[in-house]
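Each of the next two complexes has chain A plus one more chain, namely chain B in the first and chain C in the second.
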Partner chain A sequence: MNRAAILWRVASFAVAASFVGLWQLIANLKLVSPVFLPGPDRAWAALVRGFSSGDLWSKLAGTLEHMAYGWLLASIAGIAIGAIIGSSRTMRTYVAPSLEFLRPLPVSAIIPVAIAMLGLTQAMALFVISFGAIWPIMLATIHGFAAVEPRLYEVARSLQMSRLAVIFKIALPSASPDILAGMRLSLTVALILSVVCEILAGLDGLGHWVLLSARAFRSADLFAGVILLGVTGYVTSVAMSLAEHKLLAWQAAQR
Partner chain B sequence: MASAAKRLDTVPGTPAPQIAFDGATLVLGGKTIIENLSLGVQPGEFLCIVGASGCGKTTALRLAAGLYQPTSGRVNFDGQPMRAPRREIAIVFQDYGKALLPWRTAAGNVSLALEAAGMPSAERPARIEELLRTVGLPGHAGKYPSEMSGGMQQRLQIARCLAQEPKTLLMDEPFGALDAMTRQGLQDEVLSLMAASGATVIFVTHDLDEAIYLGDRVIGLLPHPGRIGIELAVNLPRPRDQLSTREHPEFLRLRRQLFDFIKATEQ
Partner chain C sequence: MTAGSAKALALPLAVLATFELWARATHLQSDSLAPPSDIVVALFGAFADLSILAATRDTLFSAFAGLAIGTIIGLAFGIAFGISDTLNRLMEVTVEAIRPIPSIALLPIALIALGFGYRMEIVIVAFACVWPILILSRAAVRSIEPRLMEVARALRLPPAQRVWKIIIPAALPRIFVAFRLSAGIALIVAVTVEIAINPLGLGAGIMLAQQALRPDLMLAYLVWIGAIGYALNVLLVVAQNRLFGRAALSGADR
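Right after this comes the complex of A and B.
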């Protein structure tokens, strides 16, 4: 890192620190009632307490589990379906209008449907999370498969490559930048829907913790949960970016 | 089939052509691109096809590759009709940037052809190194195509084609996008590679000098629809040399004849 980059990083941390300071100031001056707004000190204490008693660990694990299963299912199904639709012009023509109808449908609207059919269960959460998270992945995969350089298919034909080899050696790697970008978008969707499902269905997780804390006016615990959700979103997104960077090293060479 | 076999036997003493167009016609989107093309290419022959742009040079090559099927007539390879592309026929595309896999290194791109041929992975590295050395790219195995110059990328594509161990190499204006010096260097390398491997070559170009310099025979196509307009045997001594061959009276005579032909087609 050069000097300028270090300075920028220091500056960005300073901004974050001043926000926390402002928050502490507002809490100390009791501009908002302490019942609703704990200071960062109390939120931090609640975090430490939650982790040392083990409560927050199990809630965090619950949310991560919902998120991971839903996201993985969405990824597998989204890439598979997207590959089938994207590699055939006929399929794209027939299926695209239905997708255009389903895609903008708010996932929250299908939650009651899912609850009616599957009950307040883990299966319902898995269905809702993966249904919401599948769209960015599937649409990105369709686009990626449709955009494979036709010349490469001719190369594959001249090499008499098998259908399977064409998919795994030509189409998938070619579409991988699109697919990974879709998977990164879906990660956020999966987290949001995990929390929503936990709140609505009372499933074990940070969403449930946040809801119960708010109802009991335990504002410090509430904020601890919210902070933890923010950190979860941030860490998973950074991890995904690192994976993308590593998998798409060839693209860096291209620029 | 019987009539085709008879045709091939009509000239005694000549070997059966490796690639034979037999009255091949191609209609695409209601437009006749190639009409009644009959042409035999002998094994080991270096045939160049020239013509004004839009005359169907590239289309003729794609028929030979099996990427297109003739609307009527036949295209045979070793006496068998071409139904689809095959590994014995390698294609060097003009747009090397699109024909290489950007996510694979130079070694990985060559490996693609070896994988397709079912070569065990243990045997591949040695063969890849040998092929990269053959085309003058030793020490570049770990580079991505985007890190290589245009000339290097085209060498890499040629290496991948050689990995197919082709009986026939189809080249579609392979040096059209390269600068003059790089082009001359690659012309000589292709000549020596083909002399060594004995493969048949069909080479499409719009550069008339290049066609005469490389070919045993040059065919000029007439446009709309594409058909043979001129056929010249190039009786210049081999190995060819960039200076003395291009100054040879026979070279100049052929060049004149070909230029006049192209000029006439453009009127």
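Right after this comes the complex of A and C.
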């Protein structure tokens, strides 16, 4: 980073800090009732208190756990199913239109069905989160497989590679940018659905925490939970970008 | 019917027929599943007593009101950030700090501030819709042909006219793509808020059907919600092709 860029960053942080200052001012002057809007000082104090008593740690761990399990399951299943559908033209013509039809369905609408089947349990949350997160990954995999340079397939045929070898050695690597982009989209979906499931089923996690805080009008705890959810969203997406960058380094070098 | 669409329909029809036969043969008694014919009957029943239409109206009202507010806010900031690089750089940290907050996390805040009802749902939908519009319209404004801006300068258009006569028309195709994405998000968020907590609309309807142990009605709602999502998507894609044709494609894959 050169000097000008650093200066811009500093200025940008200063602007953000002044917004926090404005928030503090509004809270101090009680322009909005403190029942709804705690100042940043109280939200910060609630964060510190929550972490030092260990409450927030366990809630954060709960949400991360729901998110990670659902997302990993969706990634594995999505890539596997996507690979099966994407690598066969017959499957593509018969199955892909149905998937395209289902795609605009708001995935949260599956929650009542999952509750009816599995009850208000961890299994329900896992099912809902992975069902929601599977779509971007699966569709990206199908698209990536369909868009593989046809000459690579010709090479595979002349080398008489088996179908599995074609998938692992040719199609997966060349579809990996699509797949990773799909996995990044799914991360957000998984976080949102984790929160919804925690709210509905009372599962241990930040979603449950913010709802309980709201019910008890503990607005500082509520804001602490929301800030933590924002941080979770930010950190996971940055981590995913870094992973993407690392995993795709070979492609960038090729060009 | 062409061969392509026949093949596309083969799988869903086969699944439905198998399920119907299996449910009839085993005399299915379940709280979570119902044979397709019962679902169709339940859907007609819900239409006949207008309950599903009222729920649809409530959901679409909240979704579109939130979408409209989110679009206006997102567009205003997106165009401002696109025009002024200074402003964009100064606001960068603020935007990146607020954007990752999952929209649904605001639900409890909106709940204590506004209570149950349309208002809290609209606020959450609007929050969710602001970001795609802001990011994509900012990118659209930045990618406007520089010569157009030179023309505006040469004509000494005042800033308001510059935005209205040059920037918005030039960026409109890509802004519409952003709007289409946001419309899908608006419907998803509205239904999610209703399922999670708000006793209103289609989401509340499907939750009630589940709690009343009416799997046929619950699945009828699910089918209907899916149909609305599909119809909205098709409508907006057709509108995009009609209005902008190829112009929108340049930004569609972003």
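The criterion applied here is as follows: the second predicted complex is superposed on the first by the 252 of 255 C-alpha atoms of A that agree within 3 Å, B and C clash if a C-alpha of one lies under 4 Å from a C-alpha of the other, contacts with A are read in each partner's own complex, and residues count from 1 in each chain.
In this text, contacts are C-beta pairs under 8 Å (C-beta built on N, C-alpha and C of every residue); 3 or more make two chains touch, one makes a residue touch a chain.
Keep in mind that what you see is a predicted model, and the values were worked out from it rather than measured.
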Discussion item. With the two structures overlaid on chain A, would chain B and chain C clash, or do they fit side by side?
Written reply: fit
Fill in: Dominant toucher of chain A (residue count), chain B or chain C
C
Item to complete: With the two complexes superposed on chain A, say which partner A:Ser53 touches: chain B (first), chain C (second), both, or neither.
Response: neither
Discussion item. Contact-wise, after the overlay, does A:Lys169 reach chain B, chain C, both or neither (first, second, both, neither)?
Written reply: first
Discussion item. In the overlaid three-chain picture, which partner chain does A:Trp8 touch, first (chain B) or second (chain C), both, or neither?
Written reply: second
Worksheet item: Who does A:Val196 touch here: chain B (first), chain C (second), both, or neither?
Response: second
Worksheet item: What's the minimum Cα gap, in whole angstrom, linking chain B and chain C in the superposed view?
Response: 19
Worksheet, complete the sentence: The shared contact residues of chain A with chain B and chain C are none
Worksheet, complete the sentence: In the complex, the residues of chain B that touch chain A are 65, 67, 84-87, 89-91, 93, 95, 98-99, 101-104, 112-113, 115-117, 144, 146-147, 164
Worksheet item: Hey, which residues of chain A end up touching chain C in the complex?
Response: 8-9, 11-13, 15-16, 19, 35-36, 93-95, 97-98, 101-102, 104-113, 115-117, 188, 191-192, 195-196, 199-200, 206-207, 210-211, 213-214, 217, 219, 222-223, 225-226, 229-231, 233-234, 237
Fill in: Interface residues, chain C side, partner chain A - complex
4-5, 7-12, 31-32, 89-94, 96-98, 100-109, 111-113, 184, 187-188, 191-192, 195-197, 202-203, 206-207, 209-210, 215, 218-219, 221-222, 225-226, 229-230, 232-233
Item to complete: Enumerate the contact residues on chain A facing chain B in the complex.
Response: 149, 151-152, 154-155, 157-161, 165, 169-170, 173-174, 176, 250-251, 253-254
